[in-house]
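Quick one: the structure is below, and I'll ask about it shortly.
Chain IDs A, B, C, D, E and F follow the sequence of writing; residue 1 opens each chain.
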């Protein structure tokens, strides 16, 4: 359940994607085939990775033609081996081909996110990997689910989730007063403070913030923050995290490492569709 | 004009992106600031690249608050230098901060595509770089415009643009008959044939196809195809194109080189927003 | 049939409600449960009332998870006893809990309207109870159906249903001329005239209006109007109607008594969901 | 397959049509009938013609009430005889009557297009009949499918399909340069040139255009163009085509004859619904 | 005011029409022009007729490019002479050309309806011309406004407007009882009864119906109905009305003559766009 | 800022409300007035209360006719006196009347919520008043903003905001384990535990929950909980809160008192529109 996006958002995203691919005349090429030509196809990753987007692909086939029956061999979050089928679909070939690219675009994009997330997750342990709001516009629900499929966890879903105090607020009010105001206006919500220095962290802890974002600090500085914090506040490392340097932060004792790259820069996972019995 | 996406699609994509970021309570953090606090901010690339997405960002600020006035210093397709402002916005700071992430997500994602496209374009010359239908679901109009901003050209916009005969059709009808059927059903439309061998190319030419997709061929094989074709058909190289190997295809005499990677695997261009006068 | 809202409007209202409750990350709490945990739950009113909104609740469960099977024990318009189940649903518990609040919000809001309407209907007899256009924005189709479930009848559905001449028109044209113009421009449509005095009623009858809205009159004045009208025109009492004073109007001989309060001020009917086997 | 519009567009068009017919109170008249009154009805053309819109009608019944079972006796593109049923539907009579007008509006409008197209197709042979972008706003996907059902073929689906150079471009650049620019910017796309004179046609052919639109020429002039072209370019006759004069163009040797009248001026095909067993 | 459709419906219809014409790549042909090329164009009817759709055209230009300034020389309902400009637009030529076809499709379709309506109106006088629910799916608000522009009046807007008792209800309940039930369930609403015979009309009058639809009667029979009715009920002639036979009904004394043909079979009014200064 | 809902949600809610009031024929009654009749109107509360919904009303007038100029005399959250104008609008009277009911429905419904919230806020002090997810389906963003206007604070915006562990989770895992799982899966998020007994509260505190919902406890029991908690956890009183009994909980030392009644049972605040100069 947790690895899938909410179903209403999936239905809407699929309808939108199909509309953009079929406006206004539908699939010219498939129209040349006999409409009742049946086929069985396999959805196959060309490279190893982590699956995400199964629900989107399933809804794509269903919206195009309920006569397509899909059997799934893997679920979101599962490891995929190159060449081992994720799913097998049987039904009218023209319908399957019409749905193909949209279904693969969802699977490839979301599995790409899950796969890159998994790499960060493994490198960052024991720290956890957090996503950000740096997602593709309009696809946040799907991409954040893909992060979960990859073993990452979700930072703020959007601007209404929690309070994140940055330089503007600190310049205006100071950390202590800004946290106080946040608690008054939005009680029981997570309050996070962006900290550029260890002094700011000290103030954030005393102000009772839940979470500190350690921005662009070196692993050594992070270690000092961890020592200072003594578990009184959650610590997030953020800024300039790469697959190369993430390991250096993972064992500093920090709780969470966030990176926009898993959602806004993940290369697609190459997944294709093979028609059975085709030479 | 050519580098911008159609405005109706922009308005809809922005409305969708803002809804997902603001449902249901709006921007908690900005609500802590005085609503009439004015500020001037610069939109600044952290790295060099090519701009795309200006219209999306402009509409984002406008939909959040018409009181935000944006002056643009660059347009889609322009080269960006790290640190040189793309735009300057003045208006209520809470509104600007509410719009910030959505505007930057559009700019970063689309400029990332334009920037990667530009690299392929420069490496592939004199061949042209073509995109594919391997786009992020729901954002095709925007991403294909970003490809144009990067100097690439657009392959099929969607399934209704032209006929692309692949192995299924060829297995069923043979190339000659498949092309003939396409001409009957969809006269005056581009008919493209996927060719795995030089014999298939020969048949496609004789069948009068407009365009042949040379699938997963080596540069040497492509050269043979070019020699065979003698400009009687447009030639597209496709499959497994990377920034490393694209140069090897560019001077084979082929017309077009297509790659899904410019739309489905382009890393974001890092673009930020700096509030003026902030310490 | 008559007590249910049109199904297209129901589907759209439910999709909208689910989107606002699940954007962008879905149901965090349900994600902690095993996805295949089955349960049976009862939908139970905590107080007596009249049911409305069954179709909305059914569509809510269906849109979240078609695996939820709902058996209904009552239909819109039925009397509900506190504690007696309206419906029993069986299926995956996480899905049921995700749908719970949205389904109950529909049932509670609409049954609240039906229940209050029923009270007015009983107090107003033999006059009938009419609703108004004072409905919750975006939910008119559902709320007007709930009024029917409560035994009320529907006044104008919206501005395109019939002509209602108020002070502006009367000041400009006089009643006679205003009715004449309405008949010319919108023949065969109901023409209603707001009357503040018995003289206006006299003029409305002579002008051939179908319906007179007696605005803010005392029961005694209404009785005079009834006597004057001699069934040549339908008479509606409107303005300041409460559950306390409605009885005083009901036996004046007036045809209809309208009140916005049944749609815009009905308290919710408290309906809950009980998981079977839970201690 | 080819004769049907894409299913996502059908679902959306039907939902829109039902909403406009049922907002806000639903079907008042059907509400007077017993909701469980079963009936069998036949959908019957009052005149001979060609069927189109079956999918729209099927989805209309389905969206109103899945309990309505429809058996189809004809498919899009089939010849219809006056009085011979197209479909038989069985289910709750109130639901059938609620869906009736919307289903018939789709069938009548789209079959009207298919029927008129068929007349042009028969008169124009051996030339083919092409539609245009002169369609009813918002219904292009459906109307262009109806043209295919009538035996016509589809010209540009929309502005993104191909390049059509008209007087503005020719005045600005000349034909040769305009075609060259189109080829650079939109390679592999169909490039069409509007030609008012035989000299313009000569230039279009030499410039390598794919298609020439012979605008408002007499059959004799068209014949001269055909002779000049020698099959080096597709030739489209356009402008002022009527069912009376189309035959005169059909045997000139031209490839295609386009007319907006088949989509924007086709009278409805009269199709009704008969309830069985009704006196 | 009365001749224009409601503005929210106009905005939505235009957005939909533009989306279908510009998905996914926008206007290829206009992209070849310099984006800042200014022009002045005239919107000119090629034939005489009656204008409708001005608001739709205005919103089309505005949604494409607010820089286009349109001056209108006529409003909906005005008589148009062939060749006399309806409007003059000035702005960027590429934007104007992108909007052209959509704007003209609205103007042509809706003016076609207004023009045909006007012909019926003139032939039917002193009876009035009524439209029906036989409209193009999804465009009813626009088409019914065009009928008003042509001088016609609007019958039921949709199924929720009034009660229309047809053979099913009469077979089930009889006219008297059916009218009584309608009055109980939907008080103050127009109740119409379809009458095939003069006996049915007699019963409808006695039952107190507001309106009788005289279905497929000859002018002589209609005259008898008029004599019988003595103005106690509104009389509508319906079924098989054509521009040829409508005059025969107009002077029978009947109130209203309805025909679906004005909305579902009106040929387009040919309206074009002329760029000034073009050779 | 904080008291207003997000503007994208406002625009969408207004468009939906206008569509339901104007489909398909627009405002019949206003169509009888001269379209250019200018007027000035005042929006006036009939009773004292607290304003909410200003943005919705402003957008309603703007969407109907940009020629309507509205001057506002109060903002959301302001106290309103009976009879003192909230706003003054000047423009075409037919447009103002068309917008009237929709604008008033928003103002009345949302101000009703703000007004009732204010009463709870004053009675509950020093405890704060929290809303719930018991909102009208589809209007949560607007209603939660109205709660803020009334001085209340917002509990969870929706299911994705935070984790709320209820009896199902406790029965399955126990409080300690359930909290632990929530922390692992959704780090940094608020975790709330529903507690029926003081023992459960003790366990919730030890498990490190952020917030405890004290369900259906008496004020005395709440006081015991406050004493036990010693500020280590936020305490929310929930269940059965009324305007009568809320004062008894307010001075127990509890932090927050939540009630669904402020959003799902608030009677409308009666607000009307007066045309100036009308007798």
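Just so it is clear, contacts are C-beta pairs under 8 Å (C-beta built on N, C-alpha and C of every residue); 3 or more make two chains touch, one makes a residue touch a chain.
Since the structure is predicted, the reported quantities are computational estimates derived from the model, not experimental observations.
At the interface between chain E and chain F, under half of the residue numbers appear on both sides, which makes the contact a different-residue one. If you match contact pairs by residue number, over half of those in A-C turn up again in just one of A-D, C-E or B-C, and that pair is A-D. Chain centre most remote from that of chain F: D (centre = mean of CA atoms).
Farthest from chain E in terms of Cα centroid separation is A. Measuring from the averaged C-alpha position of chain A to that of chain B gives a distance of 21 Å.
If each chain is reduced to the centroid of its CA atoms, chain A and chain F end up 32 Å from each other. Note: centroid distance chain B to chain F, computed from Cα atoms, is 43 Å.
Within chain C, contacts with two or more other chains are made by residues 2, 19-20, 22-27, 30-33, 140-141, 154, 157-158, 160-162, 185-186, 189. Considering their complex, residues 1-2, 4-9, 12, 140-141, 144-145, 154, 157-158 of chain F touch chain B.
Those residues of chain B that touch chain C in the complex are listed here as 19-20, 23-24.
For chain D in complex with chain E, the touching residues are 13-14, 16-17, 20-33, 37, 56, 93, 97-98, 101-102, 104-106, 108-109, 112, 133-141, 158-169, 171-173, 178, 181-182, 185-186, 189, 260-261, 264-268, 275, 278-279.
Interface of chain C with chain A (complex): residues 15, 18-19, 22-27, 30-33, 35, 63-65, 94. Looking at the complex, you find that chain B touches chain D at residues 2, 128, 130, 153-155, 157, 160-162, 185-190, 192, 210-211, 234, 236, 255-256.
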